[in-house]
Amino acid sequence: MVDPILSIRDLHTEFVANEGIIRAVDGVSFDVFQGRTLGVVGESGCGKSVTARSILGIVEKPGRVTGGQILLRPETGGEAVDLLQLGPKAMRAIRGPEIALVFQEPMASFSQYYTIGNQIMEGIRLHLKLSARAARDRAIELLDMVGVPQPARRVDEYPFQLSGGLRQRVMIAMALACDPRVLIADEPTTALDVTTQAQILDLLRELQQKQGLALILITHDMGVIAEMAHDVAVMYLGRAVETGPVSEIFTAPKHPYTRALLRSIPTVMAKPRTRLPTIEGSIPHPSNRPAGCAYNPRCLELIDDLCRVQEPPETGMAGRRIRCFLHGGRP
Amino acid sequence: MFGMFKSRPQLSQAERFAQATQLQLTWWRFRKHRVAMVSGVIVALFYLVALSADFLATTDPHATDSRTSYIAPQPVHFFEDDGSFRPYVNGLKGVRDPKTFKIVYTPDPQRHVQVDFLAPGYPYTFLGISMTTHLFALRNPERGDGIFILGTDQLGRDIWSRLMVATRVSLTIGLVGVSISLFLGVLLGGVSAFYGGMVDTVIQRVIEVIRSMPTIPLWLGLAAALPNDWSVTQVYFSITVIISLLAWTDLARVVRGKFLALREEEFVMAAELAGASSGRIIFRHMLPSFLSHIIAAVSLALPAMIISETSLSFLGLGLRPPAISWGILLQDAQSIQSLALAPWLLSAAVPVILVILAFNFLGDGLRDAADPYG
Amino acid sequence: MQNRRTFLGYGAAAMAAAPAGSALAQAVQASGSVTQSGLVGKLEGPIPAGGPIPATFQEAPQLAELVKAGKLPPVASRIPSEPMVIKPVESVGKYGGTWRRAFIGPSDGENGNRIMASDKLLFWDFTGSKIVPCVAKGHEISADGKITTLFLRKGMKWSDGHPFTADDFVFWYEDMYLNKDIVPGPIADMSAGGKPGKLVKIDETTVQFVFENPYFLFPSMLAGDTLIGGGQATRQSNGNSYAGYAPAHYLKQFMPKYSSEAEANKKAKDAGYESWVRLLHVRKDWELNPELPTLGPWKTVTPINTPTWSMERNPFYYAVDTAGNQLPYMDKVVMTLAENIEVVNLKAMAGELDLQERHIDLQKLPVILDNRDRGKYDVHLDLAFNGADTTLHVNMDFRGDDVIGKLLGTADFRRALSMGIDRDQLNETFWLGLATPGSSAPAESMPESPGPEWRKKWSTLDVAAANKLLDGLGLTKKDSEGYRLRPDNGKRVVIELLAVKAFMDWPKHAEMIAQHWRKIGIYGDVKEAERGLAFGRLLKSDHHIFVWTNGGTELLYLYSSWALPTDVASGVYGIEHAKWYASNGTQGTKPTDPKMLEALELFRSAAAKQEGERNKIAQEIWKIMVDQQFTIGTCGQSPALMGVRMASRRLGNIPGRTCIAQHCRTPGSSRPETWFYKA
Amino acid sequence: MITFIVRRLLLGLFTVWLISMLAFAIIQLPPGDFVDSYIANLAAGGAAVSADEANAMRKLYGMGQPIYVQYGKWIVRVVVGDFGESMEWRRPVSEVIGDRIWLTLLLSFAALLVTWGLALPIGIFSAVRQYSVADYIFTLVGFIGIAVPNFLLALIILYAAFRYLGLSVGGLFSAEYALAPWTWDKVKDLSWHLPLPAMILALSGTAQLIRIMRANLLDELRKPYVVTARAKGLSELRTVLKYPVRAALNPFASNIAYLFPYLVSGSIIISIVLGLPTVGPLLVRALIAQDVYLGGAIVLLLGVLTVIGTFISDLVLMWVDPRLRHQMD
């Protein structure tokens, strides 16, 4: 099997808050492969977004990455570099040309004071060292690529003049400006209405195939995963509790949490007028994560004397990992 | 993203916050603001001084005597030569140097004038009761004796005592002034925001006009209009009114801004739907919810008031002697000879700076507390 | 010829050098405790008519240039054939330099007027005791004292080169003085025994002032700082129209008489003024109008109502030094506008002013002395002769409040107020101990002084006596703070002290006096007011007591404004009384106080008397004034008013001590035109 | 766009009109009138004015008529640029002010520059390095700047400059240049005198602007678009300067309008202490001496200036805020 472009190993990111240290990301591991889409799924607050920012090294104070590895394989092949070891300058060279990010709130993620053209070209000129003219052409080209009508005119417009869908397209164009190898889309569709959502997702899929992107799609929506992802990482309270190919996860989910998530998506097979099951209880606050398996308070199949006491280790083979005593790792 | 980590801790105390009023919330956040807390205490102390000015004064702040003209600050000795704790000041001999024309004061080591605690001094009235007790006083002083810890001015008046009285005058001016402009500000700002439309436009225009006029000329104009033969108290109050008449606009803007923001809030809608009278909505529902902002705004407005009074008096258009205010004390310090021969006259600047600092920090703390991201 | 002319010069001087004069001269030399400071120098000054007319004349280089260029006639034809020859204090000086000075605004015209004093008809010498020639090379007074003749200098010219002749006097008399639009009413200076005098031209260089009654005082009036004798600069600026002469050839264009009412008014409108009178007031004002022909050593270049009031030499100035150099030595005078007197003093101390005595604050003396070497200046203390730099001028006709009015009108009340003042305290605090405490009567050495005892009478601290007097007036009830209560409404007796912060910080003085009065149970209420507004109140006489100097009263007849109600421009003692006196009883109301009447009658009678007798009368008047305490004196004979002189060490011909007095036009009598830059 | 500008202009004119009435009213408040003080001033100079002349003047100046008539007379003349004659300065008001208004503007503008030059960087710094030692120091200094009355500061500096530096004191020119025509040397001379007063004047304004800038920027720094910029690989400095600072400038710009009158006000007191030839001392004199037309003209003029200031700041605002610009179309 090919080497991953990007592999996250036991990533830890902490925030220092009044009530003490919060482990937002607490040992996440997963791999991202060229031309494949990794879906990172979990309820809001499970640390998805922080993971994304950790990868780009733009976690804001009071947060900081405290451990693990973020291994990026150079385009030229050869030894993978650990991004966490890079200096700020080198890291800036990664953002954009290597790894790019698409945000969930297209409105707030643009500055209202510059034209979209300006904001797209900025990255281009910085990384690709293009002339203003060339950068502009490139920007128009990008807008065209992401399906913005009349790109030549739009390029001089301001974000607030665009519709939500267009904005997200522009956001994507901006992310692709320096054709990155890895694109992280953080809830790219949450802020959009259903039809636009579909369009954006299609766009992403299409682009990924065209450019052989490695896509990390962060979402809380199993449905989106189902139609977009090749691989899945299910996160719970700062950890990947189950990872594997989408086919396996959906057909044979192992972790009780994964199952619970799956149960909560409507399916055509479901009988009409049956209530969608929901997961009992709410995610505990990271600052007071329960002892043992973090999921135990909500788990329907927990093993009392064990899950409340011990943390399940990560078991399973490459490409299919899981943290649950039901599936091995029992003492 | 890390907004979520910000919001979580509140979740954990959700119940408390649920019941807490805006004011309590502010108070909780405010307590974290250490500088502001200290400032608050300082302000409180200042008003305590204002209350007991005469009691703290050691000598009649009006009494002049050429024999004590321009005395530099004098130390109070705490221990007698025999080492016993009996605070005293030395008697002073002043001689004018015939060449430099400066008066040279030399302490007379023989003459120890006892300093008594809670002892009788010049008579004054406190809350209508005439008293003679002062915090400190000299035991049977001779002419020219005094506790001059801050020195004396040209007319030989004790700076410390004058400072005490001045504090009372200046601080109360600030307070009265701010309450007037507060009333105007809340009323007009509230009305302006609540009714909007024509009313709003008109009031906003008025505010713009007032704000777009340099204030000093206005003050000067109004102050210059005061009849020359008015008594000190009349002038005192008119000055206060004048200052506040121009200071309300900022408050009005704050109120209006917060008001508009709140209009949209559900509970106001609810109240409106429930058919509550607009007056009731304003004062029962909305006012309390931004009381904290008002408090902040006020504590930021006060120093402006105080500086205004000082400036006016400095220009000779505010209070006039024999009234004593910080402005007037500073006016005394403004001559070259004061700066060169009696720099201690500038000590009047210290309380001004201190109290204004305190008010600003206090106000800042309150504002931050009122809305952390405001 | 030569001899006779010079004789005239000396003669005039000799005539006025009366015994009292020399007495004053001695007085001036007399020394006080101040002298140990080493800052009081020898009284000295340049001597006008100080020698024979030199054979040849020289001029300032830049004028010589102009002459070469044909823009200016040669010096010999610019100056009169009988120029005034001035003997400088030290030596003949050299040309060049700019005199840097400071003034505090358009109301500070005196600042410049006083250095233009040589445009007066007659003047005093540096002792302030001897009348000397000035614009007029000499004068004569007839034996009956009814006619005073002035001899003008042949060939004397205005600053624009136009001849200065007797016609300029006639023009002033007929077209200005007698024109009601310009001069509202006749002035006391121009009348004797209540009968107006007139001005007559004898020939081109001779004019006579003719009166129906004896007017022996008149030459002194011409030499003094009076309406008639003040000179063009002083008396035709700031709305005044006196001084006895005016540049006819220039001013006619503004007068309806020489064009038409309509035309004159149109001229005014075009210039932005409402009426020809207003325009004339501006055009004849040397402070405002650079084009105005003048006689003084300099002429305005940029007017007083700009940030810099600057002057340049008058190429037709009529005086030369003993070597025949046309004066002045200094090319320019530049007065920078200082917005307050602190700045004036700082500039002076920073050495940015070359000679400044006006607005220099005695309070700052210690600092000024400390900075002598830094600022490279010397400090001279010049002592004045008036009784009190701070005088309480009591309104004898206050009608705003019967009770107060009655009290102010009562001698014993005024005496009590006077005895309630601790003058030594004031002296120490405000005069650095340099003044002489006492009544408002002039220095004992002055010819008009009633004598030592009158300097002290009712004028030394005596709280007990004061209280006794007040009790005697029935003001026995007191409130808790010991203040006396009015008989009518049981409120405090409040005496307002109207004070202006001008040459001295009089409001502060008043504050201290009010403190002293606590001991006699009188509540003194200090009212600080801006100068203009204060004088406005004086005009309405709605003040109780006005705190101001009585400078000038040391020569009572020349300057009585701050002693008796004789001046219609000041209602300080009751405007109605002043009108009554000035109009000879035809207007205003007669004073009710018999003593005041007596004083006024004495004053009126004096003009007709010879000097010796005049002085005796003055002494009588002072005795009444002191005994009645119409004006309550505190401390005087000090350098407080223009007596602290800071002179750059680069300047030459600077007297060690100058005469500080109204009639000396300080620093006028030490002839600024003779000062020069040594380097 | 045009409509907006026009609307603002009309609004400005309206404001000016109100100001003019206010100005005139205020100058009229003091007891007594122009002629009274004119006569009083002459009296102070020893001259008397006949009752006839006084009445003549009263008629000329339309005194004794109802105040609105007097205002009418005044404003009509003002519109054609004739501010009447200054009683104390005895020359047309326009001339009296003419000399000084430019220096006032210059001083205020210099102060404005200083204010911005200091407030911007410091404000940005304190925001980016929030709660750093430097931030606390700046905050403290800032507050002291607010707390020290600028006239007091002026006085102390005035004396200190003279005492310890031997610096020339007062005024904006050395005597030798005061009346010289404008030459390069004179400009240099001015540039020597200007900084001190400008700084004194700027201090408190700076202090306040620092606070404003800091607060604004702190808000902006929390916005997502900052992360976007970072994600693009922009350097931290560039990120901050291009995005949040730009956004924070917005309320900053709208502040100019009110900073200006504030500075002008301050310049009045400072000019009196330092003896600067601005309109400040002129105004105080005029008010104290009840020089109606001068005082009225100055207050009006200052008001107009600030309205213009507001107008400009509106334009600036439109320039820095594209949203505003597009709402117009």
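Think of it as A, B, C and D in the order they're written, each chain with its own count starting at 1.
One rule holds in what follows: a residue touches a chain if its C-beta (ideal position, glycine included) is under 8 Å from a C-beta of that chain, and two chains touch if they have at least 3 such contacts.
Bear in mind that the values here come from a model prediction, so they are computed numbers and not experimental data.
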A-D versus B-D: which has more C-beta pairs touching?
B-D
Please identify the chain lying most centrally, where each chain is represented by the average of its Cα atoms.
D
Report the inter-centroid distance (CA atoms only) between chain A and chain D in whole Å.
55
As a quick test, compute the distance in whole Å between the mean CA positions of chain B and chain D.
26
How far is the middle of chain C from the middle of chain D, if each middle is the mean of its Cα atoms, in Å?
41
Each of the following residues of chain C touches two or more other chains, namely 342, 346, 349, 533
By residue number and range, which residues of chain A touch two or more other chains?
53, 60
Using the touch rule from the top of the page, what residues of chain D touch 2 or more other chains?
159, 227, 272-273, 288, 290
So in the complex, which bits of chain C are touching chain B?
36-38, 342, 345-346, 349, 361, 363-367, 369-370, 424-429, 432-434, 480, 496, 501, 507-508, 511-512, 514-516, 526-529, 533, 537
In the complex formed with chain D, which residues of chain B make contact?
1, 205, 208-209, 211-218, 220-222, 224-225, 227-228, 303, 307, 310-311, 314-315, 317, 330, 333-334, 336, 339-340, 346, 349, 352-354, 356-357, 360-361, 364, 373-374
Residues of chain A defined as touching chain D within the complex:
53, 56, 58, 60, 88, 92-97, 100-101, 103, 105, 108-114, 122-123, 126-127, 158, 160-161, 174-175, 177
Quick check on the complex: what are the chain D residues that touch chain B?
11, 14-15, 18-19, 22-23, 26-27, 29-31, 143-144, 146-149, 151-152, 155-156, 159, 163, 211, 215, 219, 222, 227, 257-258, 261-262, 264-266, 268-269, 272-273, 283-284, 287-288, 290, 295, 298-299, 302-303, 306-307, 309-310
Chain C residues within the chain D interface of the complex
98, 100, 105-107, 109-110, 180-181, 184-185, 227, 237-240, 272-275, 277-278, 281-282, 285, 288, 301-303, 305-308, 310, 334, 336-340, 342-343, 346-347, 349-350, 352, 374, 530-536, 538-539, 561, 567-570
